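In what follows, a structure is listed as structure tokens, so that the remarks can point back to it.
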Amino acid sequence: MGSDMRLRIGGFAGFLALLLVAPAFLGEYQVHALIVSLTFLLPALGLNLILGYAGMLSFAQMAFFGIGAYVSALMAMRWGTPFWLNFLAAGVVAGVVALPLGIPALRLRKYSFVMCTLGFAVIAQTLAKNWVSVTRGDLGLSNVPRPMLGLWSGGIEIRGITSYYYLALGLSVIAVLAFLAIVSSPAGRYMIAIREDETLAASVGAPTWRYRMAAFVLSGVFAGCGGSFYVHYYTVISPTIFDPYYGNTLLVIVLGGGVGTLGGVVAGSFIFVALSEVLRVAPDIRMIAYGLLLIVVVFGCPEGLLPLLMRKLRRPTHAT
Amino acid sequence: MGVFSRRGLLLAGGGAASLLGLPATARAQSAITLKIGLVVPLSGPSARWGGFASHGAELAMKQINAAGGVGGKPIELLKGDSQGTPVEAVSAARRLISQDGVNVILGDIASSATIALQPVVEEAKVVLLNGASSNPDITYKAGVGGFKYTFRSYPTDELRARVILQYAAEKRGITKYAVLSVDNDYGRGAIAFSKKYLPEFKATILSEDYYKDDETDFRPVLSRIKSLGAQSILMYGLPDTTRLIVRQMLELGLAGKVTLAGNGEFTYPDTIKVAPSVLNGAIEAAAWSPDLASPRSQKFVADYKAAYGTEVPNVHSYTHWEALYLLAAAAKAATGTGPEALRTALEQVDYAGATGRVHFDSHHQAELPMIIYEVEGGKAIEKGAFTAKVNYPT
Amino acid sequence: MPAESGTLDIQALRAGYGPLEIIRSLDLKVEAGEFVALMGPNGAGKSTLLKSIFGMATVTDGRIGWEGQDLRGRKPGHILRAGIAYVPQGRCNFPQMSVDENLDMATYAAPKGVGKAERDYVFDLFPILRERRRMPAGYLSGGEQQMLEMGMAMLLRPRLLLIDEPSVGLSPQTIQKVFAEMIRINQAGCTILLVEQNTRKAMEVASRAAVLRLGQVIWTGPPSAISFAELGEIFMTGRLPGAPDETRGQP
Amino acid sequence: MLTDVAVNGITAGSVYALVAVGMTIIFGVLRAINFAHGEYYMLGTFGAWWAIETVELPYLVSIPAAVVIVGVIAFAIGVLVMRRLIDAPFQIGVVATLGVSLVLQNVVILVFGGSYKMFDGGWIEPVDIFGAGVSQQRIIIVIAALVIFGGLELMVRRTRFGKTMRAVAQNIEACKIMGVDVPRVVTGTFVLGCCLAALSGALTAPVTGSLYGGMGTAITVKTFAIIVMGGVGNVGGTLLAAWLLGLMESAVAGYLGLQFRDAVAFVALIAVLTVMPGGLFSRRERF
């Protein structure tokens, strides 16, 4: 266990160091691809919480992401608030929205819950399209201000791709630490107990519903914050954010990377975005190849790519 | 909107024809080598639009290169899949720019993707030419509006919305509309512009509906429209869906009672064939139509059909095809070879396309005409071309 | 190997689930007509042994001899046709299908289905099932469902019946009835291999006990040859009280 | 107007029902959400279109042709992918079927081109029913839905394969113990479900008019709502839920506006699940 822990911490530290120096060796496009990975990392961490730790597959994740993006964009455009405030507000609003949805939905069985959250995304999209006075409907909000890193107004404006990258990296590190804090807290341990055996957890007095709710709300917070970064990077938000594309990407990252593990989700964000980018060499068959890879990956290592890699890494040390 | 002028339909552009006809080496001295990255949806549900656009652009590339390219150098066309989303569009464009070294991005179709591309190309100093997105913000914020490298060679929906209302009111006495448009920025945007001009023509909207791009059942709405007594359905819609709607109008007995006005290939022969009795009297304002009498356009349609089996080109096929010729013209005229030179050349370009003279205004919006068609006796009749300047918000 | 009817001969069996090995070189021989109770602590491999015999676990090595053939690698359908039936732990019926339909399903592996005679045989074994034949299985009581499952297993007239924990979740009276049925089945000539957590009960009915620990048979003999306390000691330590370390063979 | 709503609702609901019932029986035996289900609907439409355009078959013949083509494709996918989902955790099914969906969609785009195609065929002349105009094709769809649901109901109750399907849905472990060849049942059910989706695609093509590679996605999403409302795995419930949704959507589109229509399914779904977590129709009668 001790050596395992050291391996993990070492792995994370090494990976972070690599990410810190990466822009020095990479072109703009590759740095952009890293930003995309980091953009998906936040909502993916949230999905990992609700799916990997509370055992419920949620499609509401992208709806929270979109809600966070809209909140952040509207605040920046209407009131010129600084980025940190938009970022926090996006998370808070998404979390607050998760609450009333969770009340009926979390009582449901696995599959019904999936459908309910999917439905929520559709309803959120309908709202974004029709609440024209606020969201501008389908025209969307464009020319969303770039992130302002000041205490209130003014401050440094994030512009170049490298600055965006370091902003994304910083936010991701905070998110990863927050995630670690949540899952290693007593509440996190309860969540794991509930995932492993709900009836047992309930019988020893764990208020399963409350912890599921906590996981669901927190998943919303992560996604909302992710949406905030997204909108300030792409500078545009429209109801298409609620389309299945984003939600599916998240699922692939979490399930393909290693659900219920932190490293798996981090690795998944980079591996699957990289995969989809590498396949750009052949635009005509890109999505076919991507689909086939998904099938191969999921059957080849059902528990996710990272757990498999970890096992491969660990085996030689056992042999000696 | 400023001056509203009506003029005769421009026939084939002499400039373009001479561009093709001239020996390739004649003006070779300072031409820019064009390496164009086409960013459109190539996979997923939106691929149905990207397919037409890439067919059009590929055809133009082959034709121009067969005729000797630009200044003796062939045009390179590289494709990037945007899936119609900002994330994928930016990734595709970034790759095309920094890996493949393209000097032009042509795309996207979805407005949100195009808007996301604007800051990217601005930073990279690569020209973004758009021939399909309808969000007004794209050129409100371009040229003197800020984004120096964004150009749009596609008429605005503001113009379209206005000419339809005017033609319908003046020529047909239509004032009572029911809105049925596609639920995206194009459909919603066009209706928003229409509302701006309704009072001018003493017209009213009785009901308002928007359909998803994969909607297949319009019967409930059509039943309501029938009972409301609207004279016309104001529709800014999708071509394939138009055919479905007119079929259902036929089913519900709306033929001859309610006409269509707006845009959505109402006046294409293939659409009219579906329900001639419904489409009689339909009015359409089109940026281009395969029926366009211009010989240049006719030749394009013939070449396109020859290249892609029986597929009839749509307006995206045309605009992306024409965009390559436009870029070739600008590249030839450029003085210098850097990105600045191409941008300046585009700003100054005066190009004769199949629908009319292309010239970018200070916001890099091409001043292009809208052509009005009306279906009479089962055939689309050209009723004239209209242009107008866009009034930009300050 | 002589082709003896109703004889099970397991040699050096290694089995488990995927990469996880639970049975580690196990030997066990069951003669025709015996009623053998498998006992041992949790995780000893009792259920896994039954599943291995029935082709539902991963067998990596060894031999499962049955009437002269090796069942290793065979699918449950084949094993059923070879005369072995299995009643697993937990509910093993189709709750929304009637008793009759459940019995229909139980004959799936039979080459030509099963006629009225077999059905009557089961109904004679468990008369309550005849009364309930149109009722969905899910509406039956726990004991009735257990009987239905045994009936389903007996439908193909097996010569060896594997039963896993039939007493779980049943009332004492029902347990009594279920065990009485097992004895009747055994007396009718069917060999039984039983896994039972209720050690006292199992020792009452079985003709022989086999104690498993860590995937091996460490002791076997008639129930009368071992006391309860000794059994407990084996469970805990793997050794018979007073016996030397390597105690593991047949007596 | 009320007649219109009713007629529209039933015809639209019948289309949903045909697609959804395939998904619900697949879900029943596999406990996997099939994210690619709409793709088989799309393939059915393309199959019929291809048979008409390339092989020049009449529309009536193109329908069975489409079903057979999709049946063959579904068999291959059933053997290569779906069988492996039998004992897999449900997340595996999500990613695998998403992968299948991407492959099928984009292979069609690669082979036939991304741009949409027009569908010629079918009988679209209107017929008057209580003052509401309906095309003959829609009447055919409603009749087809009734016949197919009747047939399915008979099949799952009376035939050996049908009983086995129910058995696998109710207790897969017990099936294995009884020697049921579960992979074969799963493949068979999967092919059957996909063929039903394909049939629906071929039958509705004349009224939808156009086809393109990505057209399946929207159907998949709406189908989810129907199978949950109908009580997952419940054949009769699926038809009723589909009709009910068709009627509700028709009423909302008719009285409120088309833009709110797609939310109807999910508002109704969330409302239903809040009150009746098991769906509108009893879950006990699976299949």
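As written, the chain order gives the labels A, B, C and D, with residue 1 at the start of each chain.
Rule of thumb we're sticking to: a residue touches a chain if its C-beta (ideal position, glycine included) is under 8 Å from a C-beta of that chain, and two chains touch if they have at least 3 such contacts.
Just so it is clear, the structure is predicted and the values come from calculations on it, not from any experiment.
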Problem set entry | From chain D, the most remote chain by mean C-alpha position | C
Problem set entry | Rounded Å distance, chain B centre to chain D centre (Cα mean) | 36
For this session: State, to the nearest whole Å, the distance from the C-alpha centre of chain A to the C-alpha centre of chain D.
Result: 32
Exercise. Roughly how far is chain B from chain C, going centre to centre by Cα mean, in whole Å?
Worked result: 75
Problem set entry | Where chain B touches two or more other chains at once, by residue number | 42-44, 183, 210
Exercise. Of all the residues in chain D, which ones touch at least 2 other chains?
Worked result: 102, 105-106, 217, 259, 262
Seminar exercise, completed: Residue numbers in chain A touching two or more further chains are 129, 284, 287
For this session: Would you please name all pairs of chains that touch?
Result: A-B, A-D, B-D, C-D
Exercise. Can you list the chain A residues touching chain B in their complex?
Worked result: 27-29, 32-33, 36, 39, 129, 132, 137-140, 142-143, 160-161, 234-238, 240, 243, 245-246, 277, 280, 283-284, 286-287
Exercise. Taking the complex as given, what residues does chain B use to touch chain D?
Worked result: 41-52, 54-55, 180, 183, 207-212, 214-221, 223-224, 227, 239-241, 243-244, 247-248, 250-253, 270, 274, 308, 311, 314
Exercise. So in the complex, which bits of chain A are touching chain D?
Worked result: 51, 57, 104-105, 107-112, 114-116, 118-120, 122-123, 126, 129-130, 244, 248, 251-252, 255-256, 259, 284-285, 287-288, 290-295, 297-299, 302
Seminar exercise, completed: Per the touch rule above, chain C residues touching chain D in the complex are 54, 56, 75-81, 86, 88, 91-97, 101, 104-106, 108-109, 138, 152
Problem set entry | Of all residues in chain B, those that touch chain A in their complex | 42-44, 79-81, 83-88, 90-92, 94-95, 97-99, 110-112, 115-116, 118-119, 123-124, 135-137, 141, 183-185, 187-189, 192, 210
